[in-house]
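Got some structures for you, see below.
Across the two complexes that follow, subunit A remains constant while its partner is subunit B and subsequently subunit C.
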Partner chain A sequence: MSHGVPSAAPDTAAVDGATARRRGWGWLLLVPGMLYLGVFFVFPTVQLFLTSLYDPSGNYFTGYTLTWHFANYLDAIRDTWHLFVRSFIYAGITTGVCLLLGYPLAYAIAFKAGRWKNFMLVLVIAPFFTSFLLRTISWHTILADNGPVTDFLRTVHVLPHDGRLLATSVAVIAGLIYNFMPFMTLPLFASLDKVDHRLIEAAGDLYSSPFTGFRKVTLPLSLPGVVSGTLLTFIPACGDYINAEILGTPKQYMVGNRIQAAFLTEHNYPLAATLSLILMVIVVLMVIVYVRRVGTEELL
Partner chain B sequence: MAETSQDLHLESLTKRFGDFTAVRDLTLTVPSGSFFALLGPSGCGKTTTLRMVAGLEDPTQGRILIGEQDITRLRPYKRPVNTVFQSYALFPHLTIFENVAFGLRRRGIKDYKQKTHDMIDLVQLGPYAGRKPAQLSGGQQQRVALGRALINEPGVLLLDEPLGALDLKLRRQMQIELKRIQTEIEVTFVHVTHDQEEAMTMADTIAVMNQGVIEQMGAPDDLYENPVTTFVANFLGQSNLIMTDIIDGSGAEVVVDCQGQKIGVTSERCHAQGRKAWLGIRPEKIFASQVGESEHTDSNVLRGGRISDVSFIGVSTQYLVAMPWEQELMVFEQNTGRRPLFKNGDNVDLSWSSEHAFLLDADQDAHAGMMTPEDRE
Partner chain C sequence: MTSKPPSDDSFRQLLTGLGSSRGLSRRGLLRGAGIGALALSSPALLDACGTKGAKVSAGSCVSKDLSSTQKTIVFSNWIGYIDPAKAKDTSTLEKFEQETGIKVDYRNGDVNDNEQFFAKVSPQLQDCKSTGRDVFVLTDWMAARMVDLGWLQKLDHSKMPNVDANLIDSLKSPDWDPHRDYSVPWQSGMTGICYNSDLTDPVTSFKDLLTRPDLKGKIELLTEMRDTMLFMLLLQGSDPSDFTDSDFSAAISSLQKYVDNGQVRRFAGNDYVDDMKSGDIVACEAWSGDVINLLGGGKYKWVPPDEGFAIWTDNMLVPNMAEHKTNVETMMNFYYDPVNAAKLAAWNYYFCPVKGAQQQIGQFDKSAVHSEFIFPSQKILANGHAFMSLDQKTEQSYQTQFNGVMGG
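Moving on to the complex of A and B:
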């Protein structure tokens, strides 16, 4: 937001000089981080790109040769486009439900929890104390065919007599929602917690009902949290494979499952690399469109 | 709704927070179109009172009425009342135009655009309509807050320490500005402040609040010239308070024994009940003169003073005068140049016109309402 603020100082030349000098130092501070990213991000990404262009006729035992085989991409899209579509649908539903569940939760913690605020925050973070894998396996138990949830849903006839939860899309999405909920809730909380209470009072003073006040003041001011929360949920959910693996069947597999199988089981490195890069490019494009649309720059 | 009088009435208003009573049985009437100030130190209940009128706080007991309409239980957004908040509480994500238009648009008023532009012009922010609040100075933000409230043509405009965040010079300027706008649009202003000068400059009527109750209410000059409690005597300006015994309270002039010297005070300025009383006199009402040369009659002269401190301020000189009973009295004298200044150690007589002193109940703390420089900010 540093741009756009018109400078009122008459001696702007002196100010600019000082700012320029400070910026010079700022660049130096970037060096360690840039070096780290250069080694551990740029280099592997280039490597990944080269791997995706290996000749697919090679294999784990004979090795692969780099033949700039761009057809890998067309083949991958042709064979696995349905996995991409499923991944984005699952991740989209997950993000939507997380937002619907996480927003009221974050709102309650920020505005209504009082002295329980910190305790409730700890509860939100608490799942991180155990491993992602273990937590997903326990969802396997929760949703099991003879488990309490399935039993209950059968009793109230939401599920047919022999209906199941496990090994369905519902189970996979439920697992995703559970696992990514904190990533939605925390940025939402951080945004809502910053909203000045007096602004909400002012909205009430200016003829806004509580709901209108929320719509016109609280919600717009919490949009940065909505943007970061949805990104932090959607991006990793797109690439997830644990939930589909443990709570689903191959019918629920996502792109991540295919990449994992290609890489670890089949040792088909060109395919794994190709799928990874396609996923990355699509997600980056979606994020750019999304952020442009919401226009976070305009938000404080 | 314009037919009936729009006076604001508070009836036995009480607010308790747990064991703490912030406002105690407050009853007052603010006449429609007046500029009313609630003045008091922090924690005296003035802001709580304001918030109850705005609907941001529910009264524990009592009623709030505007004209005939009981608004005690009305939600804030249904009250014909708007507030200028202490922190301004401008919406940071909206432009100045959108901030000012906010109330009109919530009420679904069609021609809000023209009205908003007019209001922005009234508070002299025309060129800034498209900017965000963060791009404005404190004084400009203050005007936005004022415009945003005033545009709704409220029955009562509440101002919660509206000038507190501004520096002294800007505050003076805004005081005049606020008074001008209030006179122009004839809306009832209820102004909460801890700054006695601010209250006296702007308000028609001041209510001095202390510990949840109103100590005294009246026009600024009445409060200043004839305070009824030591709190008011000290909180509004400064006072010399001397312990006296009442000798004769029957006549038109109450006669007191002021540490061995007889002093007379007009009986309507006697607010003391018992046998003893605080004799109060403002520093600028006292004349210091060389021994035996005082201009006033015997009943209003204190003898035996000795200058113990001289502060030359320019327009005036402030003396501390040590009295025989080991009390130092303050005397402010305008520098008219009529005679040379006194020096430390000079012997003086102090005198005043009989209509300037006042008598206060002796049970009260002589230091009530005195503020350290930090309290005054």
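Moving on to the complex of A and C:
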């Protein structure tokens, strides 16, 4: 993404010595960040890209050679496009539901919680005190075919007599929603908490109904939270494979599961790298389009 | 690969930019940083062009044996493979520790699946680094792969006379390690079917498992490609010890069919035991001894399917750079004492590879003396099959096809 920051224009402004020195020091502050990105982002990404172009006829034992085999990409898309589609659908539903559930929650914490505000925030973060993996495995137990949840749903005929929750798309998406909910709620809360209550009062003074006040004042002011919340939910959800692995079956597997298998059991590094890069590129493109459409880049 | 160095011009620009405090715009700096990062990484990039093979030459990867001063062993194994300590009775491992003073750090379940475990240790072993484990237990074909890769230490048979004396003849010289230089069998076993007799009628054939409508979504297959594909090959009438690529592809398509129609719930490693216990599945592909030692027998029945079954051996292996090889040899020797072997087999109910154990096992478990799980008859063994050995390229291609099915 290009940030539309106007570049400093040293040619047009006469810069005196003091300012220039200050500016020089300013750049130095960037060095640690740049080094970090260089070592931990640029280098691995370039390496991943090169790995994706290895000759696919190599193998783990003889090693792989770099032959700029761009056909890897076509092969990967041809064989696994359905996994990408599934991943984006799952991540999309997850993001949507998280937004629908997270917005009222964040709103309530920001505006209505009063002295319970901090307590409620702790409750939102509390699941993080236990490992991601353990929590997902717990859902495996909770949703088990003979567990209380499934029993109840069968009794009230929401599920057919031999129906199940575990090992279905519902379980996988529910797991994703559960695991990524805080990533949606916290940015929403941060935005909503900053909204100046006097603006909402002013809307009321100008005869807006509460709904119009919300639509024209609160919602637009909370958009930065919506954007960062949806991104923080959607992006990791696309690449997740733990929920599909533990709560799903092969029919629910996402692209992350295929990458894991290609890397760990087939030692097919070109395929794993190709899939990772395709996922990365699609996600970046989607994010650019999304951010452009939703509003100005200052939202971020 | 030819890596193109950043052009001189851009470097000069960067340098002049850095030199003058006026001429440096933010964009210039970003560009400079990008080039800098590329320049930094380019020697590394040259190295990164391709990967080297994972094979290690013998003798290039030797570690010092510290057994005489450090009386310890780190032992990685599958779950349900060793008798646990009980209040009244010492386990075989405790007995070993008492007799020899060697402390064993037993990692129960560190191995859940051969390929997964291979992925865990391969980064270290291909770089000649220690895996932090002194001995682990892997199935024949994986042990063969590791022998091939030069990743294992040669064992000293003079330190384990019991192994030479008591190893059963049929396991003395597998083709991948004819003199047992690198491996000693831990246990052998069969892959067949386990079903929960409280929840389903008997399931006696692989065909039933895959086609009976009442089992739909209630069965699991193993993530081990050889175990599962052996049955798929038998099912279509191919010989698992001698088949062609097109046989394999046909077997893969029929497996795909059973995944697509929802008959197979998922693929599992040793964790199929948990899904059997929770009742989420009522039948599955299962390893013989697990049904007794992990599921406790009773309503859980193990049957050799009508089509035949897989027979395999898991082997104790000492990886390169493990520093307690002599301690491990002492342990191998200990487990080849017929009494100790009998005690182990009486608990884990796998094939016992030790001669003389059958005479001893009565003192631990009377019903084990004639158990087909531990001392299988020739009649049973006649129906056992081994999977054809595969070269590396075929292996990878088969694994990719299999993962295509397992990965949705």
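Keep this in mind: the second predicted complex is superposed on the first by the 271 of 300 C-alpha atoms of A that agree within 3 Å, B and C clash if a C-alpha of one lies under 4 Å from a C-alpha of the other, contacts with A are read in each partner's own complex, and residues count from 1 in each chain.
Here is the rule we use: contacts are C-beta pairs under 8 Å (C-beta built on N, C-alpha and C of every residue); 3 or more make two chains touch, one makes a residue touch a chain.
Quick caveat: nothing in here was measured; it's all calculated off a predicted structure.
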Open item on the list: Should subunit B and subunit C be called a clash or a fit once both complexes are overlaid on subunit A?
Closed with: fit
- [ ] Using the superposition described at the top, determine whether subunit B or subunit C touches more residues of subunit A.
- [x] C
Open item on the list: After superposing on chain A, what angle in degrees do the C-alpha centres of subunit B and subunit C form at the C-alpha centre of subunit A, to the nearest 10?
Closed with: 150
- [ ] Could you tell me if A:L83 is touching subunit B, subunit C, both of them or neither one (first, second, both, neither)?
- [x] second
Open item on the list: Between subunit B and subunit C, whom does A:L264 touch in the aligned arrangement: first, second, both, or neither?
Closed with: second
Open item on the list: Between subunit B and subunit C, whom does A:S209 touch in the aligned arrangement: first, second, both, or neither?
Closed with: first
- [ ] Return first, second, both or neither, reflecting whether A:T45 touches subunit B, subunit C, both chains, or no partner chain.
- [x] neither
Task: Contacts of A:N118 with subunit B and subunit C, given as first, second, both or neither - done: neither
TODO: In the overlay, answer first, second, both or neither for which of subunit B and subunit C A:E201 touches.
DONE: first
- [ ] Once the structures are superposed on A, label A:T65 by its partner contacts, choosing first (subunit B), second (subunit C), both or neither.
- [x] second
TODO: In the overlay, answer first, second, both or neither for which of subunit B and subunit C A:T130 touches.
DONE: neither
Open item on the list: Can you work out, in whole Å, how close the C-alpha atoms of subunit B and subunit C get once everything is superposed?
Closed with: 26
Open item on the list: If I apply the document's touch criterion, which positions on subunit A are contacted by subunit B in one structure and by subunit C in the other?
Closed with: 5
Open item on the list: Using the touch definition from the top, list the residues of subunit C that touch subunit A in their complex.
Closed with: 1, 21-27, 29, 33-34, 36-38, 40-41, 44-45, 48-55, 115-116, 119, 122, 148-149, 217, 259-260, 262, 264-267, 278-280, 392-393, 396, 399-400, 403-408
Task: subunit A - residues contacting subunit B, complex - done: 5-6, 196, 198-199, 201-209, 212-213, 216-217, 220-221, 299-300
Open item on the list: Can you tell me which positions in subunit B touch subunit A when the two form their complex?
Closed with: 54-56, 75-77, 81-83, 85, 87, 89-93, 102-103, 106-107, 134-135, 148-149, 152
Open item on the list: Going by the contact rule set out above, which residues of subunit A touch subunit C in the complex?
Closed with: 5, 7-10, 15, 20-21, 23-24, 27, 30, 34, 37-38, 42-43, 46-47, 50-51, 54, 58-66, 68, 79, 82-83, 86, 141, 144-146, 164, 166-167, 248-253, 257-258, 261-269, 271
